[in-house]
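Here subunit A shows up in two complexes: once beside subunit B, once beside subunit C.
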Partner chain A sequence: MRAAQFCHSCGKVQPPAPADYFTFFGLPRKLHLKEAALQREFYELSRKLHPDLSVRADAREQAWILEQSSRLNDAYRTLKDPIQRTQYLLGLEGVQLEEQSKSATEEARTAGTVKKQVVPPALLEEVFELNLQLEEARLAKKMGEPDPELVRELEQQKKKWEAQFEESLEELKGYWHEWDKLIDHDAAPEKRAAVRDKMVDLLNRRNYIRNLVRDVNEVLEG
Partner chain B sequence: MAYSDKVIDHYNHPRNVGSLDKSSSDVGTGLVGAPECGDVMKLQIKVNPQTNVIEEAKFKTFGCGSAIASSSLATEWVKGKTVDEALSIKNMDIVKELALPPVKIHCSVLAEDAIRAAIGDWKKKQETTKPAAVEAK
Partner chain C sequence: MASDRIVGIDLGTTNSLVAFMQGENPVVIPGEDGSNLVPSVVALDERDQIIVGNAARKYLIETPERAIYSVKRLMGRGVEDVRDELKLFPFHLADDLQAGEVLRIRLGEKTFTPPEVSAFVLRQLKRNAERYFGAPVTKAVITVPAYFNDAQRQATKDAGRIAGLEVLRLVNEPTAASLAYGLDKKQNGIIAVYDLGGGTFDISILKLQDGIFEVIATNGDTHLGGDDIDNLLLTIALDDILGDLKIDLRRNAEAVQALRKAVIDAKIQLSQHTTVTISIELPGGKHYAREITRENFEGLIQPIIDRTVGPCRQALKDAGLKPEQIDEVVLVGGSTRIPKVRTLVEELFQRKPHVDLNPDEVVALGAAVQANILSGGSEATENMLLLDVTPLSLGIEVAGGVTDKIILRNSTIPASATQHYTTQIDGQANVAIHVLQGERELAKDCRSLARFDLKGIPPMPAGMPRIEVKFLIDANGILQVSAREQRSGTEAQIEVQPSYGLTDEQVEGMILDSFDYAEEDFRQRQIIEARSEADTILAALEKGRKSPAWGVLTRDETKNIARLEKALLAVKNADDHKVIREAIDALNQGTMRLAELMMDSAVATALKGKTMEDADVGEGPTAPHPMAKAEFE
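Presenting the complex of A and B:
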């Protein structure tokens, strides 16, 4: 039983305290996580926080139960997914992608420089080229004249990007490992920031790859 | 989400879609992306070498309606401006003109980035093609 949701001595539901999702489950801020254990914990807590079981609770307590169980659901949904869990942790570590992108633009504006793109330019080129091909393929299909050569080419592309998408998860897990070690050793903030930034870069790239995979599949299957 | 009439107009009738010769020394190309959503935008300008006025601008955007509208508007705005004038365009000007909601602000940021990147590319070309002219300033 987690101290965060229940009273130590009487076991009654406590008012929801502002805690992050890791704390909610009594977990350290680490990225490797035993999903089966998390799930067990989730079921157990769900049972305890089930609104039907709270008929004997007073109104105030019922409100707490409701709030705790909705936090429980949010926390579980976020933590069980590897990508969402990573993004959530990065958010806790002060990463705000959109804000940072906007302030980088503002900096470039004041300094009169060109903003550095957060993903490698070569990837942007590839994304752009593939999108052009996809557009062509859609058009050809709409005209009722699908281009078999283009379709073959897209099938190659599909394989390539799906493989990269898989690889990106493996790469991410490597960074998890680095991260968790730093947490275990209570490492200095600069060291954590370095690993954090590597994860941000990776997730940025992965967003593009995810879209490509989605769009290639849509064109090939649709 | 409801798009404003201006966004819809640019979306349905995008101005200046297309491309310019990337290798020409008068052409600057900016290719930028918004990793939050995975959208990409290419904006190109053709600059008059005598006057530094942007004579032509083209774009191609793979992204949401607001990104398409922002880049379409950006090409309209930069045309006829000098390079330095074009650098004064801010993303919030685009937000205002198109009445973009807060969640779509990053789409306008993308358009400003694209303008800057295109101009930056053009400037770099000028330095490498005519170093003397730059030094003379």
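Presenting the complex of A and C:
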């Protein structure tokens, strides 16, 4: 069942009722999703909710339409993207991924320190090596003696991390599978929490890798 | 209904157009001089009357201090933004401008804000449309560069209001062009619209599917266009003249304008010819002549047109597409006539661009299509719907002067985001929010949109209030903000200080001021209204002749009606609304008994068991008396 955007008898747009994005589209809280079907549904709802179709409605109805159509767009934007969709679902499950990092950033800023990033344990060794190379390369550049061999090594590193970044999406899709099965079987909360935590770890690792690639790019290009 | 007719307007840097949907096809409405393009030039004549369009162009050369062009470059911008512009364009700003104030430009002895100047152009277009329809026009769709920010959009909307137009929608120019293209082609696929106009550049990538026009990514530069090429050529010519002939023309505004016209003509000719000669008489009887080859010209403009490459690559990247995944590239804007620009597009997208559309008119035509969609659509536009995006990310300044992005660029609009705020000290009643637009990390590098003060927060210990602020970008790409304190449920009061823009009161004032210049408009409008009223009564009379009531009238009565009808027909096209009105009133008086008889016979027929419709009164029982005087506000 889709959230009630329209009146059942007259078809008019209704004032928005609080509903999460999955409910808005009438979807279960599962992570595998047919993108083509979602797009079809988005287009179909747009044909009913877009403000262009009701410039003659009265002010109150127009306000509802604006609210409903922005919600439709916000929901579609979030659900169509695999990472955003996962993050959003984790948010509904009580994990505050984004806010956590945001408040950490703010805290570090007010304290005047650099935000500490916890290195995912699995990456500890590799990151240690990369950071040494980055430091060396920055120093060499500062001295005006760029080291071609080091640059080559960093380019290797970049390729490796970019590959890991891509792979993390496949790994995430594996967890989606586990998650969706638990939902289908109405599994116990502890079981869901276990998969949820695996996804949180993976997303944190993914973010960390993205920042590493950015650092390498900065040294290579800057 | 005629009074509900919505027109589409392309308010361009160099030229402006008005169009509407005639049956299946959008058409441009020509001006009185027969030309489809109204140059976006505004001048003040000797009698301090505003002149717009082709007629204003001669003032550019004769009395440059009394003429303004390319004002679109100044829309929604502050003094600090336009410093560079002022070196190249002969805009004369008012002397008493305060920092943070909306720009005012001198025109003769008077000063006008950019929205007011644009409103003069809009009013001319409105007049052209009213003349064409013979009916008032009050609603419009206006196009803006896709990459226009909030302040530039707001300024355009203000211009519409000042001109007496209800702006039902602002549409992005490349998107509008895609509507005109899609109406024609009716094909599914991915298209890129490359729009290089007089002063702005946009690139938009769209997915067309079964009537849905979904913008996937857009990028651009609101200060890049044909004007830049003109300025470059002008600078070269001025340097030439100074070097070879030892004449410094820089302070001679008239000569500079004449030279500008000459280089623009040369630029245009170079799209057809491989060599042209700029030849111009200079003050003091000297003559300047210089030959330019196309090769030479292409070398000169390369750095300018290369600036379109970055935005195109970024748009492709944002869309997650490779050039070969684009099914068609559509060219829009006068500057895409330059062969070198076409070559650049071909190399960039690895295909020959679609050049069948008239690059000057396609945006206005698309605006007319959108106007038709807004007015409920027709067979031609059935199923067409535009899903556009916001070109720039919306952010909030957080601690440390950093931008926290809350709505990312290329989000489909309307789009919204909710943020929560609290207080830092006990009993704090206000919270200040700084809203930004742009992609940069630091707030100072982004465009300041507005500062909001949340006021009237109920007294609570620090950190207790939970204020929810909702940011919403509407279908015009304009920001709306609302806030509420969640613990007390009080609607927080928001005081907005737009960083660059007019307040509502200022716009209201300008609407009043504009009446000084609108006398002619008002007169025209009265004539148009009187004529349309005359048509109504004449049509009603025609109906009356066919009704049984007609037979009941005496010979004298029918003769008198025929005389009055003839009199009205004779003055209907006069240029004086009073004369038309008098004839209408006379005919109204003369047909009073006919009207009564028609009503009576309608009622009698109804009593005999027939319906009102059969009685052919033309209207239902609640309709006004068929011969009654029309009511006007």
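Criterion: the second predicted complex is superposed on the first by the 171 of 222 C-alpha atoms of A that agree within 3 Å, B and C clash if a C-alpha of one lies under 4 Å from a C-alpha of the other, contacts with A are read in each partner's own complex, and residues count from 1 in each chain.
The criterion applied here is as follows: contacts are C-beta pairs under 8 Å (C-beta built on N, C-alpha and C of every residue); 3 or more make two chains touch, one makes a residue touch a chain.
Because the structure is a prediction, the values reported are computed rather than measured.
Residue contacts after overlaying the shared chain place A:Lys158 against neither subunit B nor subunit C.
In the superposition on chain A, contact of A:Lys48 is made with neither subunit B nor subunit C. Of the two partner chains placed by the overlay, only subunit B lies in contact with A:Pro121; subunit C stays clear of it. More residues of subunit A lie in contact with B than with the other chain of the pair subunit B and subunit C. By the touch criterion stated above, A:Asn204 is placed in contact with subunit B alone, subunit C being left untouched.
Contact with neither subunit B nor subunit C is seen for A:Arg85 once the two complexes are overlaid on the shared chain.
Judged by the touch definition given at the top, the superposed model places A:Asn131 against subunit B, while subunit C stays out of reach. Of the residues of subunit A, those at positions 102, 109 touch subunit B in one of the two structures and subunit C in the other. Of all residues in subunit C, those touching subunit A in their complex are 168-169, 209-210, 212, 370, 373-376, 383, 385-387, 398-400, 402, 404, 411-417, 472-475. Within the complex formed with subunit B, the subunit A residues making contact are 97-98, 101-102, 105, 108-109, 112-115, 117-119, 121, 124-125, 127-128, 131-132, 135, 203-205, 207-208, 210-211. In the complex of the two chains, the subunit A residues touching subunit C come out as 43, 46-47, 50-53, 55-56, 66-67, 69-71, 73-74, 76-77, 102, 106, 109-110. Within the complex, the subunit B residues that touch subunit A are 31-38, 40, 42, 60, 62, 87, 90-91, 105-106, 109, 112-113, 116-117, 119-120.
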